[in-house]
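Read through the structures below before going on.
Both of the next two complexes hold subunit A, though its partner changes from subunit B to subunit C.
So, the complex of A and B:
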């Protein structure tokens, strides 16, 4: 089992190998990114248009926020299939609460908006807590638990709305969060950047971040070292749920209504794809959220480019699937070469 | 060791210490827990609505179960080896349109006789075989985790299914095909039930009486030990994934005959449903435990549950929540079983 809790290199040759490896790991993705960007901008005049760039950055921020949570869960050795459904649930809950408060209070829109956002985040917190408790207390596989909560959460979202979009949010909320810009960029981009930076810091400099690596790298060793496994596992799932809920709220503000169809399976699969392409190992213990964010940007640009180049939307999943498998196979390959020496 | 491991009497790890007299009673109880739950469920729904216990509906349940049972068996084969097949659902879609297209190429609804059935079967199984081969090679030889490998192939098969069909249903199912896989009867039993029974029996024999089957259990219980014991782990893993796709293809042909056209979205949620059925039946995600009996019982349980909820007019969204809860309950019970041993 390889672990990232960086051990000092034993000799120079393994140190140079490490450098080579990290070059391969970090270098491949920006290179691919560059190829797609340059290639597409040569072929389509719309690609580098300001509106399209903003659109890409906004979508990439949504994906990056969810993928950061997903990455933490995977690094700790788990899996969160429920993120897409949580996006939908938080969207519905936020819109419902805001609509209900607006009619009940009629009062200050700021209060209504804050309470609505808190309710939305709360729904993500609750689902994450449930996932985390099932995984840590009952010791069942995260994959299956979140498979179950995915179905249940999607069901609750649809049940609350009957599949009909929920309107009636305060206008100022939609304007301020969804459609306003600061220094020319939508607010979602700042939020995405801030979250990636904070989590990158948490991963490097906080006990929680280090313990998450330790748990994913070698759970027994973590237990023996006195790490409280349960608390930190619950923490990763809660964080993943809350981040997914945040994206649900941002999307709700963007489209101006609460919809049980937001997020869904596509978002869940893409968050896993971003994490995996971003170098997060499904064996746990390895991965950096800033690389994951770059992978999210890459995936968003790729699908945007395929759209602009008029590639049949039916063919697009094939690209995504192949890229995922190739990325992980390369990762596995380089790991084997490293461990065999 | 195992309690639901009906198909694995000779599994080396099932050998119990002879002094465990006390657990014999509870052992029986555990084996009978799911059958009893199935009967209770049937009785409970029967009290709520008389029609549920009518011969017509019981036959209907048996027929519906035969599809899910095939998919659950397919999933079980790879779960035995600590794997997963998330591409099962899209494979079903791909086989459905592939078979319909090959029938259309043979003359469509006008062409009858054995030849067109053979063409459909060949077309369907060829596509499924390729998908299984891809999954197997990526998992076994490239060392990619089954989750990512099949997540990738899920996207690819989805793309293939929608591309070759143009996203539209493919018409032109020959009546001989429909009679072979759907309308025909053997001794008064509908074809789907007969096919599922025959396949179940064959698979039971393969898993419990052949070297291949026994090896799958050993690979799932302890891959390293299997490799040391001289089992060609990689090759058998490829076979397991191909067997999984093949069984899924058979179910897909049966469903295509029932719907009367090749449907690019036939698979829908089948990946998750088949995993749910296998897990509820008692197939352990830790590998090495499970069998035909558990897969069929799990499929029966879920079919009765959804049939009963439909007939008692329980909201479809509530059904999603119930299904999620059942999946979580299934793994929790599986976990408790492992711990009390």
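So, the complex of A and C:
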């Protein structure tokens, strides 16, 4: 056929398009990361300083942990706006419980610390459970439910502290969790890595992960296939709440006091940004946490760079916003390329 | 339509309405169209025929401006067409009816009909005029469709009607129908055919895609066979036999479509007594399906036949009545426990309830089986077992292209249906509820599906087949229920099972209702 003559030409053009395409999918993020790292290190001598690197990695771990939970919720077709507030609440709860137990028991610091941590995680669990139950039973959209709990949770945090930092945690807790290092790296980094790896495994290899994809991909299909929607939806919100609470605890140990101002809206927005830039589709059903973690690293480095380059702090949110819009647009663009009819 | 002027006599000298030459369309990793030529004349019905994934819908999408071809030239009504957007296509008179619908679910039928071409004065919608026009059009088509109904509340068949109405609203020069009858029953199909005849006599060119030989026989002037994205041959319909067409399409011969099935009816597997669904679509139905035989359910669109099986599976809320599975009365019907009890359900609407389009085929197929200990241990999926499960299943169903890691959204319509079938094969089940099992799949795959059903039954499973395609239910079932307006109109057994009897039981029921 005559078409065979013309074929090679199409081959190459579409091959290059395929390359562009896969670049858009996976390659863009590492590329951006590289550009920011190289650019900033050329412009600022402090950027690659060991202390700054550690700081970046620590902050990126915090963001990555929260963004992992957020990503799962979004993949299942939901939204969790309450994560930032949960960070604050768990910080306050942890510090208060530890302080109270220290004075009441005066007892072994380990016991006090463990109970405090459990209380902090418990507060995240409770908020997540509430979110999940409202979404799955009352069929209210996740956006609305978590908007409500975000406001309520932040309120509780303030109520508990009156805005004053809570001191009185056992010293050993602050030292062990907040300040100590293993092989030269803060513990938070190991925790962050472990969590990303575990959740990546969960996504790929467990029923829970698979069902979360299925529910986000097509809820009706999942119902017909006998998947329990409620249980898995609740699961994503609970996980998101607990992970946010964990970050709250890590931050508390780092700063040495419980504060209702930790986390907050910035953290929540950044977690959504990391998820979206990391390729999680807001329509559900798509996304991998390891990519989200890279996106969290990217965002952290970006804001660190902006700081080092003395960019006005009021301009920084504008950058973040623009980057997020561009990421979503790229996502749409690549989807259009593959779009099915 | 016996007059020859305009339609019958091919106007070979005049330029055809549509001329495509050397059209190529490439998707990432797939060459969907490979140098295809096609011409359609005014007043002609041109059938596109080919296996699932042959490229029919892709060709249609190119013609209707959904996406541009990678290369090739395109002339319409004597002019070269360059870049074409869907709305431009409509303006120049190309009206497509898509296989996967293009309706906005949250809007009403009427709003959908006029979407993008609303009549308005000074920015205000002229609702009254649009309502009037919609009503007029639907009446003219003879569809039983409410213009004010929201599309997502409609059955697949009614959505199909809305889609057809939408295509016919404007000025049409080339009408494209991609498997329009896939979920219609005899009555609506009849109406559609009358309409097609009328349009042909008005000089409208029609491209028609179908996997049903009967329709091709009844309608086609010429047939173009596509295989693997390539133009194989264009033939005059009058001079070609079904066998030849199928052979051109598949590259092999298929002699019998329906297998001979030995039914060995055993104990009742499903017993339904006085069942009424919450929405009243099923009203006081008694129904029995036995192991080792196929029980068919036929009926017109909206008669409640799908709702009946959906209620048995536990998707449709039940108001009253009892369901017994293998003699055990089921208190609470829900999909999860139905699966556990060995009941499988194949939804007719693969888009809405069937598939997670962004996920790979593998995940969609294994979705209903993963909780079995064979495929997971302590919640951790055994990937090897999963792959070993899915791969052979999709091989038997002849998935095209045979890659189970592709996202379902990239598959052709028929291949999506195969994924649905694959899902129920993934679990050891012994009660099967098929709702329109062969919608949109090609002749070769139909044979596979029928063979599959035959195997199930002969191994002693209880199979229920709900179908709008009469020849299909007649050939497959051992006992055939005919439903009408939510009630059982007749139960036909043995040689009572004829097309004549099914149709007359509709009419009798209709008369009885009128009298009452």
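Keep this in mind: the second predicted complex is superposed on the first by the 316 of 341 C-alpha atoms of A that agree within 3 Å, B and C clash if a C-alpha of one lies under 4 Å from a C-alpha of the other, contacts with A are read in each partner's own complex, and residues count from 1 in each chain.
Everything that follows uses one rule, which is that a residue touches a chain if its C-beta (ideal position, glycine included) is under 8 Å from a C-beta of that chain, and two chains touch if they have at least 3 such contacts.
Everything numeric here is computed off the predicted structure, so don't read it as measured data.
By the touch criterion stated above, A:222 is placed in contact with subunit C alone, subunit B being left untouched. Of the two partner chains placed by the overlay, only subunit B lies in contact with A:139; subunit C stays clear of it. Judged by the touch definition given at the top, the superposed model places A:325 against subunit B, while subunit C stays out of reach.
283 are the residues of subunit A that lie in the contact sets of both subunit B and subunit C, per the superposition on chain A.
Residue ranges of subunit B in contact with subunit A, taken from their complex: 84, 138, 142-145, 147-149, 151-156, 158-160, 162-163, 166-167, 272, 275-276, 279, 285, 315, 317-321, 323-328, 330-332, 334-335. Looking at the complex, you find that subunit C touches subunit A at residues 22, 24, 26-29, 34-35, 57-58, 61, 66-67, 70-71, 98, 100, 230, 313, 315, 335-336, 338-340, 345, 347, 352-359, 363-364, 367-368, 370-371, 376, 379-381, 383, 407, 409-411, 423.
Chain contact summary for the complex, subunit A toward subunit B: residues 79, 134, 138-141, 143-145, 147-156, 158-159, 162, 269, 272-273, 276, 282-283, 312, 314-322, 324-325, 328-329, 332-333, 336. Contact residues on subunit A toward subunit C in their complex (touch as defined above): 1-4, 6-7, 10, 14, 17-18, 21, 205-208, 210, 213-214, 216-218, 220-228, 281, 283, 285-286, 337-341.
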